[in-house]
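Note that chain A is present in both complexes that follow, paired respectively with chain B and with chain C.
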Partner chain A sequence: MSPLPPNATATLKSVALKSGALVCGVADAAVFAARAPEKQRPDDLLPGARSVVVVGGAQPREGDWAATSPWVLQTMGTTERIQGVGRRLAQYIESELGYYALYVPPGTASGDTPFLSLMLAAELAGLGSKSLAGPVLNREHGFMYWSAVITTAPFESDRLEAEPACPAPPCREMWEREGTTPCLKTCPSSEGGCLSGKLENGRAVRTFYDAARCNTRVHTHWVGGFQKVLEETLNEPDRDRRKMLLYGDFFTRSLWAITYSSTNIAQCFECMRVCPAAHGLKEMK
Partner chain B sequence: MTREEQVKEVGRRAGARVVGIAAVEAFRAKVPEGYRPEDILPGARSVVVAGGDGPTAGAWRSPDHRVMEITGYDLRENVAVHAMCDFIETTLSYRAIQAPSLPVHGHEPPMSMMHAAELAGLGTRSLAAHIILNPEYGLLYYAALITTLPLEPDPPLAEPACPHPGCAAMYKRIGTTPCLRVCPACLAGKVNDGRIQESTYDREKCHSRAQTYGIGSFQKGLLQIVNEDDPARRRTMIYGDFFTKSLQSLGFFRDSIAQCFECMRVCPVGRKYRKLQ
Partner chain C sequence: MSVFKLDPDVYKRYKDQVLELCNSFQRIDRPGLSDKQIAERLGLDERTVTEIRCVAERDCYSLDEWEKAIEFKRKATLEWSALALKRPDLKPE
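On to the complex of A and B.
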């Protein structure tokens, strides 16, 4: 096996950034064994896997967060751009370096189970850490979308992030003051929301995230929305009501979401909207 | 740099692995009137074809069959075609359109990308589902543009990419080739003197296997759901993995366009690019 050329890791990261990623990190494929369940480890997808290359970016822009219309973030998705970067890196590794590379499918293998957790990959590649709200946050850029490539190339791996972005200083202060944080307050599990948690000495010592409940809100108009209306329509004996269901806004928007506007994969961003570590890190005019 | 080289360079920079050019006259021999490039764009002079990569070698190697079922394509050939169209219209001031390639009646597209790729010298038909094989890279995905720009065409390949010498030798020895052996359900053929003498491809059968999740499976699932009287069973069908994956393949994971690759998996053409470290 011929070794990687000198600076291969730095060159790869440079290609990633030029292709549109905001950040790029590398995780040692072996470290997944301790944190990922069987069948969801790099070696399960690509025998002989040595590294996992993770890119992040394509998050909503500051303008999106500032928009007063809820429909902006509900209907304008941006995630697909980062998947294109992942695909490009996989091809780059194979054609330029001669090592196997597998672009991790962004979808689910079955049910809600991913092929490989992109959030875990981002953490292990030193690009961020889990927040109280669930998403992995990068210290410099906040909330972002992830794509990953598993490869047999032995790239130099990055260290885990030393200081987590969450809880941010204003959230720690709020906890001291009110016993909650912006994300926990906006979506509390005790009041039908998705989140709860506890801070001690400025660190999260307990977190809870109701993924199933969150899924029904975040993906309001997606595949699940289509299935829900289809079932209701078939169960509806009245022809006029069936027509209303099929031509109504809910079903129409679900169809837009899964077809033409297929990047539209989230409709609730409330925990991220209030998070001081997720966006607004750069002052805008 | 000639005009032809300029156009091809734009396509390659936008992600095409190969680019070839065919003259519109070349389509007349085999394409019926009404379906020729000049029937789609009046005054058409040339067809430029871009071939893009399929799954990476790593994806071919994955022991988890679901990886190839839901991903693996870059579809950059479409991006390359649009980049070349933009270049032809804005820089050279000739009309250019992406050639329509999606089926409009049954499985029939307005224009065959496979035929265009052959005429542009990018590959030849194979025993394996008549897939166009590029002699260097093997399986590629093709998109084309039609333009009023006159370009010097590339000649069709003098030597067919299929059968590969190894397959011709195998046929001589045991009367079959890797692809014919791996899928006798869909494929049949004869090789004589190292050339395809006869080739049969059961498209209907192949379609139901190669596109397990997609528009067809959505229609199939929906029909079964609509015909099911028991609400509880209907619910199971609606929320089950099969229907959910069919929906995902139509939408977010829309690059999921094939789930069976067995004839290509065993094909030696372009295999050197799948043998990595």
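On to the complex of A and C.
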């Protein structure tokens, strides 16, 4: 196979931005080995993988963050928009450059485990770094959605982000003052939440994360919620009570969310809503 | 031919150990193991561990926790709205 043209990486990034991405980076497929578990590495999905191209964007607007209903933000989680850019890049790599390109599907490989961690891919592609709350934040744009393409094309890889967006200066000040940060305060594991952490030498260190509880919040009305109500219904001997569960708000909302799954997957943004590095508190008129 | 069905007794016996070893409860000094690594440690096959993990992750919390999630988000959202929009009247009780 002929080598990549000299400007291939720059052209690819330009295609990504023109297609609607806010940022685009490339990670060397080999560097996942040290950070990702088996079966979640690029080479496990596409043998011979050389690069992982990552795009980010489609983040919520200020109006979405400021809305009074948590359900508004979930339907504004327009991951589909950035997924479309990922698919477009996979098509571009195969048709214009002649290399295999595997668009990483947004579904799961087993249970709730993804095919490839898009957050890790974004981090390794130099597009952001992991925040104390968990999501990878970009220094310029904060919280965003990600999509990735694994390819056999040897694109030039980007360096890791040197300075993390988290902790933001207001969080450092809050830590000095109160011994906590906005994300830890809103969802503390010590009070029935998901997160524990600390700031050490100006860096965020996450010490504990309850993924199972986070799942009840992020996927309240999604696959997990559906399974829980279904189990409750099957265990309910009274016919009328079964009907109340199946026709009730919780189950109905879960079915709506599942049938519009691409835009309803994420349903809890509270650690990000209060995060100055994720989107700040920009005043609008 | 049916789908792989986990033996409930095997699930009950290994559930806590699998949850402890996987990535469900992440601690800074104890990175989660892959299903294959857990299988080797517990003397099980990988497929069985995958099934135990998938069921256990859903089984960890009762439906009550899902209901609590709704209330948590409702309050947190209103608190942020009150701050962002400078509308203290929106604050939840």
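Simple rule for what comes next: the second predicted complex is superposed on the first by the 270 of 285 C-alpha atoms of A that agree within 3 Å, B and C clash if a C-alpha of one lies under 4 Å from a C-alpha of the other, contacts with A are read in each partner's own complex, and residues count from 1 in each chain.
We take it that contacts are C-beta pairs under 8 Å (C-beta built on N, C-alpha and C of every residue); 3 or more make two chains touch, one makes a residue touch a chain.
Remember, it's a predicted structure, so these values are computed and weren't measured experimentally.
Participant: With everything superposed onto chain A, say whether chain B and chain C fit together or clash.
Facilitator: Fit - chain B and chain C, as placed by superposing on chain A, sit side by side.
Participant: According to the stated criteria, A:Gln91 is in contact with first (chain B), second (chain C), both, or neither; which is it?
Facilitator: first
Participant: I'd like to know which partner A:Trp65 touches here: chain B for first, chain C for second, both or neither.
Facilitator: Second partner only.
Participant: So, A:Gly111: does it touch chain B (first), chain C (second), both, or neither?
Facilitator: both
Participant: With both complexes overlaid on chain A, does A:Gly248 touch chain B (first), chain C (second), both or neither?
Facilitator: neither
Participant: Could you tell me if A:Gln227 is touching chain B, chain C, both of them or neither one (first, second, both, neither)?
Facilitator: Both partners, chain B and chain C.
Participant: Of the partners chain B and chain C, which touch A:Gly202 in the superposed model: first, second, both, neither?
Facilitator: It touches nothing on chain B or chain C.
Participant: Could you look at A:Gly179 and tell me whether it touches chain B, chain C, both or neither (first, second, both, neither)?
Facilitator: neither
Participant: Scan A:Thr259 for contacts with chain B and chain C and give back first, second, both or neither.
Facilitator: In the superposition, A:Thr259 touches chain B alone.
Participant: Which angle, to the nearest 10 degrees, do you get at the Cα centre of chain A between the Cα centres of chain B and chain C?
Facilitator: 100
Participant: With both complexes overlaid on chain A, what's the closest CA-to-CA approach of chain B to chain C, in Å?
Facilitator: 6
Participant: Same chain A residues contacting chain B and chain C, which ones?
Facilitator: 39, 110-111, 227, 231
Participant: Which residues, counting only chain B, touch chain A once they are in their complex?
Facilitator: Answer in residue numbers: 53, 56-59, 61-64, 66-67, 70-72, 74, 222, 225-226, 231, 234-235, 238-239, 241, 243-244, 247-248, 250-254, 273, 276-277.
Participant: Along chain C, where are the residues that touch chain A in the complex?
Facilitator: Per the touch definition, chain C meets chain A at residues 19, 23-28, 32-36, 50, 53-54, 57-58, 60-63, 65-70, 72-74, 76-78, 80-81, 83-85, 90.
Participant: Which residues, counting only chain A, touch chain B once they are in their complex?
Facilitator: It is residues 1-2, 39, 44-47, 87-88, 90-91, 94-95, 98-103, 105-111, 115, 150-153, 222-223, 226-227, 230-231, 234-235, 257-259, 262-263, 265 of chain A that touch chain B.
Participant: Quick one: in the complex, what on chain A touches chain C?
Facilitator: 37-39, 62, 65-70, 73, 110-112, 186, 192-193, 205-213, 215-217, 220, 224-225, 227-229, 231-232, 250, 267-268, 270, 273-274, 281
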